[in-house]
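Multiple structures are listed underneath, in structure tokens.
Presented sequentially are two complexes of subunit A, the first with subunit B as partner and the second with subunit C.
Now for the complex of A and B:
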């Protein structure tokens, strides 16, 4: 017998509603299904936790602007069979616990069916664990920590990374630096990097490959200023005392700007061949009032490299929208949307995490940022290859860095495979 | 410990000169901030925990002035006088309300203003770093003294900080205003009873202390990146300086600032991974041996 609405008492109705809500909540927790998954809503919602406040807010704002640009272009082009995309942005304040919380909220409460994780490495590891519980498609767009995707223990079937990663840059940097060291006889090296996990890991990886390619490199000393240290005078004068021929630095952002400006006062860069892991980002390059000529930096973003109309169009569109230069994080986030849009097209709008992940896995796309034709989302470990792992030299005016030299991806992949083996990842 | 590096440096004139200049650069900037903090505490009996934020505002005032006028002199004046004036208003509207109150209340009020000022700066200038840039007048090769290099701007910075320190000492120790200030620090009721307007005196002293922080911020602007929250690190070091020197002692602040500057300069050679720890260790030793600081008056 079917009970009519009239036949259900108010108390029982409330009990039932509460029970249904509780069951839904439990179901979400246990099964991980977001509450509107597969609903084929008119609008597809993407959630984006990122850093919108604090010292590195530029990371989040430039990531957000790139996604805004991509979504705007997608929607204006008609969307997906008339369905448009909406992105909900949440500020994690750069805190891993907050990143995990807002990611859960975006999926469970805001009905987001896909996540673009615009967090730094610390936050990305937290988001990765949320995606393990709530298996929607997730693209990490800013974390460069190699282990995020290289370590099989951390693998999540629906999580991918559309960002450069440390070991790729280290191989490329080591090859580039060693060739220069052999040419110029740069034997006496020093490093100056921020004293935290990224600074130490990044520096160690760079040196590992530089010395692998040129065993005669000798590291005389290493200085470790604090992260966000305001004054580098004591570090600079120490470097002057040691008198290295070359140095590597993983300083980045405002720290790097201050270091270079203060180093300029001492003429630090006149007699030292300087290699930087963070200088090639337009906001850093343009912030430096007196950019020394001839500093060597890894590519982070440059509108003339790769030199193609699509990259120039991306830069122009981004600058119009954001009123600032694109960053390394900008292109990585823009690339993430390319993977997502293509996957949605292939699933014909099915937003279920497993279905989208099956498409993203191994996907090859033509991209403004590809150096060898296409960027591939490698199926074995869900990370991209084929992006610009190149190094160039600073010049005083736009485009600030030129003469990029890339290492063939075949060589990077060969050495990466060895690295994975040595770490027990393969 | 890398004592060999230290002894090697000390046996080289060029290294010794460079490291001494490094100590002076760090120390004199710290002295400007710490002397203001110490002056305010010595006379008003309050600890201005927002003092680091005043340093930040000074840097941003200088930044705006330099962007607008391209005059470095006006930038320094804007940083110094702007923050001095801001300090007077701040003292009248807020700090004067917590005189004599529990230190926790003072801490809460100041902490609130640290957050407010950081947010205001963020709203006005964004969260990204800014750099004022080095004035053309200082675009010179570094001076060479005994084989060691000292950049022209740092020579100017050390010189002007030292001059301000001497002026401050002279003003406090040798002038009538200084006598009144010192008297107010010891017995404000008696100073009031003698017909001196202590309300105005307090505002002037707070303004002077703020002006010193603003000057430090303005001098730092060409060489340091400007960000919301940049006052915090210098506040911590200034407290160390103030505690070592003795709360309320300008001479103590000067000696302690130089001590910290030299510790940073030579410590980076001898024990590079323990420089910060060394500063706190020095503070702890001073507090154990002389709880009132090197030049502070014992509190009974």
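Now for the complex of A and C:
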């Protein structure tokens, strides 16, 4: 007699249960728990893709600390009619595709209703395309690439930039450098910038405006060390060989620290007037063991400039929370939260992207970082104006950079308009 | 026999397609679709690489070059506004195949480490071209402005559900093609070249031509992964062509296994799942992933799929055999070659 098995055997039952559990686990974890729609949620969720690992992790960690500080202050002050804000941070590892995926995930899976994009340039372009498809309010806080907001083809209605912009810095830098060149007779120039698009573009724009203001400037040579190059001996000896009177460098972060340390060994800065597009960040300034006196740098951040109690309070709060000096990215992110909080107040907590964007567009904020009273989120191209586009000179001790000279924004805007026309953006 | 096997494979592919199509209706969350599209893109990269590594014994360190080529050619064609999506896709696959043909013609004549390093050199050359040809590629900022997706034949890839379905269909088509290749006489010739190229040569096989053919096919399929990624992120970035992307594909193969057809796909799912969750909880994801890979390499000594398959086979064999006799011990299934002979067909 054939014995027919009925029902489910123990082995099959266990197999089935394990399979169902695995499918359930994968399903739940990937799909996430259903989030409550923004209008009803007590907590407002903000997502922040940024770079938290690798060589430029300081970009993400200093951005994150600034947002943490702002949100902590906002929540402690009672939030928005009792509603608090929660920020979810994700590491994109500096990869644009990962930035896009993580941003989609923050919106679709974690229920984030606002995005603070703490990505470097290429990542921010990737995030911009996600926002085009999933139109929540987005503030780019680290990308300095002018194209992101200047090019009308890239325009996204709910995306804004709360960060300095390359062309603004180029105008301010060119104007500042040309005044010194005229004053000191600095005719023979050289450049030393990292060999990638940002380094080359930034250097070209600086020289364009420096020459515009002082046509007698002549560039004798240009050297292009690789990004993250550990040894600059070859470049330094080349500069010493050419013997320029002045030089511009777009080196930044650890590369700049290494370049200055190695330059000190050769006495590079004794007879050359040095202009830097990246030295002004306090962590960079403090990382250099012997900071040469008299180097000229663009403002990145300084707790004594703009010299007001709010800026000093920001620096103190940041240092207490992060246990390090604020960076350029820190103030930009802190400023971004100010736009977001104000927009949320004006919409009475409505987190719908279009509603928030309508409020942020053209918004003027009395910020600790404003040099002419307020910082404005310009409505025409969704980028900020009125922030410190200034240059200063290094001193060996705190505050490391002083004697900041700000270029009037009216002049920057005038030349920016010309630049836009030349690029076909206006 | 082959026809029967093909019919079975086609039936399995149809089942997979139905399952993937049904999935968003069971788990309607968009994040699930995003995750699957991401896995499809990297899965195609890893599986196409395994055509070289696992089935032919060609360890390429520069396979991501074709992934990037797919993303860039497709993105540039779509941004030109001159062609439709299907035409752009065909041109992309054709263009990448041509690129692989040129690079492969130089590389496949070399052996082992020389082959590996030359493929890496070509990949870094392409990466440098992408970075420096700013007017065309956007340099280090990538292709900006998004990739237009004009509707074609009533299919609108601007709709995220349609995009998912499109990617799933594309994926299954590529799976079927790859499966047919590895199961064909050509596929078995590749295994022979992998195991003993000299013998293959003595038997009249044109080893260089065979290697070149699979190199081109693998490159073309990797470009489909690149197209899927470009559609997903609506852009193309130089990171796609960086050596770390090839490294990730190799990690996927190591995690999943080289001997089973679907091994690299298992690896892609594992790596992306690990990446997804580890990144949520820690910034030290490199450390965690490193430990996991170490466990696989030192503990399992092979990919997960290979390990599970071997385990199942050894249990089956143990169950089928009569009680142990006092005879010399039989060879076990731990022999990789034996696994390859049996498992590669699976």
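The definition used in the following text is that the second predicted complex is superposed on the first by the 387 of 426 C-alpha atoms of A that agree within 3 Å, B and C clash if a C-alpha of one lies under 4 Å from a C-alpha of the other, contacts with A are read in each partner's own complex, and residues count from 1 in each chain.
Just so it is clear, a contact is a pair of C-beta atoms (placed from the backbone, for glycine too) under 8 Å apart; a residue touches a chain by one contact, two chains touch by 3 or more.
Bear in mind the structure is a predicted one, so any value in this text is a computation, not a measurement.
Participant: Overlaying the two complexes on subunit A, which is it for subunit B and subunit C: clash or fit?
Facilitator: Fit: subunit B and subunit C sit side by side once superposed on subunit A.
Participant: Answer with first, second, both or neither: which of subunit B and subunit C does A:145 touch in the superposed model?
Facilitator: second
Participant: Tell me the contact category for A:346 with respect to subunit B and subunit C: first, second, both or neither.
Facilitator: Neither: A:346 stays clear of subunit B and subunit C.
Participant: Under the stated touch criterion, which partner chain does A:57 make contact with: subunit B (first), subunit C (second), both, or neither?
Facilitator: After superposition on chain A, A:57 lies in contact with both partners, subunit B and subunit C.
Participant: With the two structures laid over each other on chain A, which partner does A:157 touch: subunit B (first), subunit C (second), both, or neither?
Facilitator: A:157 sits against neither subunit B nor subunit C.
Participant: If you stack the two complexes on chain A, which partner ends up touching A:187: first (subunit B), second (subunit C), both, or neither?
Facilitator: After superposition on chain A, A:187 lies in contact with neither partner.
Participant: Just subunit B (first), just subunit C (second), both, or neither: which does A:101 touch?
Facilitator: second
Participant: Now for A:253: first (subunit B), second (subunit C), both, or neither, which partner does it touch?
Facilitator: A:253 sits against subunit B, while subunit C stays out of touch.
Participant: Once chain A of both complexes is superposed, is A:129 in touch with subunit B (first), subunit C (second), both, or neither?
Facilitator: Second partner only.
Participant: Just the number, please: smallest Cα separation between subunit B and subunit C in the overlaid arrangement, in Å.
Facilitator: Superposed on chain A, the two chains' closest C-alpha atoms are separated by 5 Å.
Participant: Where on subunit A do the contacts with subunit B and the contacts with subunit C coincide?
Facilitator: 53, 57
Participant: Within the complex, which stretch of subunit A touches subunit C?
Facilitator: 26-27, 29-32, 52-53, 57, 90-91, 93, 95-97, 100-102, 104-105, 108-109, 121-122, 125-126, 129-130, 132-133, 145, 147, 151, 153-154, 196-198
Participant: Hey, which residues of subunit C end up touching subunit A in the complex?
Facilitator: 26-27, 29-32, 34-35, 38, 131, 134, 139-142, 144-146, 160, 229, 232-235, 237-240, 273, 276-277, 279-280, 283-286
Participant: Over in the complex, which subunit B residues touch subunit A? Could you list them?
Facilitator: Going by the criterion above, the answer is residues 9, 12, 15, 18-19, 21-22, 25-26, 122, 126-131, 133-134, 141-142, 149, 151-154, 220, 222-225, 227-230, 233-234, 264-265, 267-269, 272-273, 275-276.
Participant: Which residues of subunit A touch subunit B in their complex?
Facilitator: 53-55, 57-58, 61, 223-224, 226, 228-231, 233-235, 237-238, 240-241, 253-255, 257-258, 261-262, 264-267, 283, 287-290
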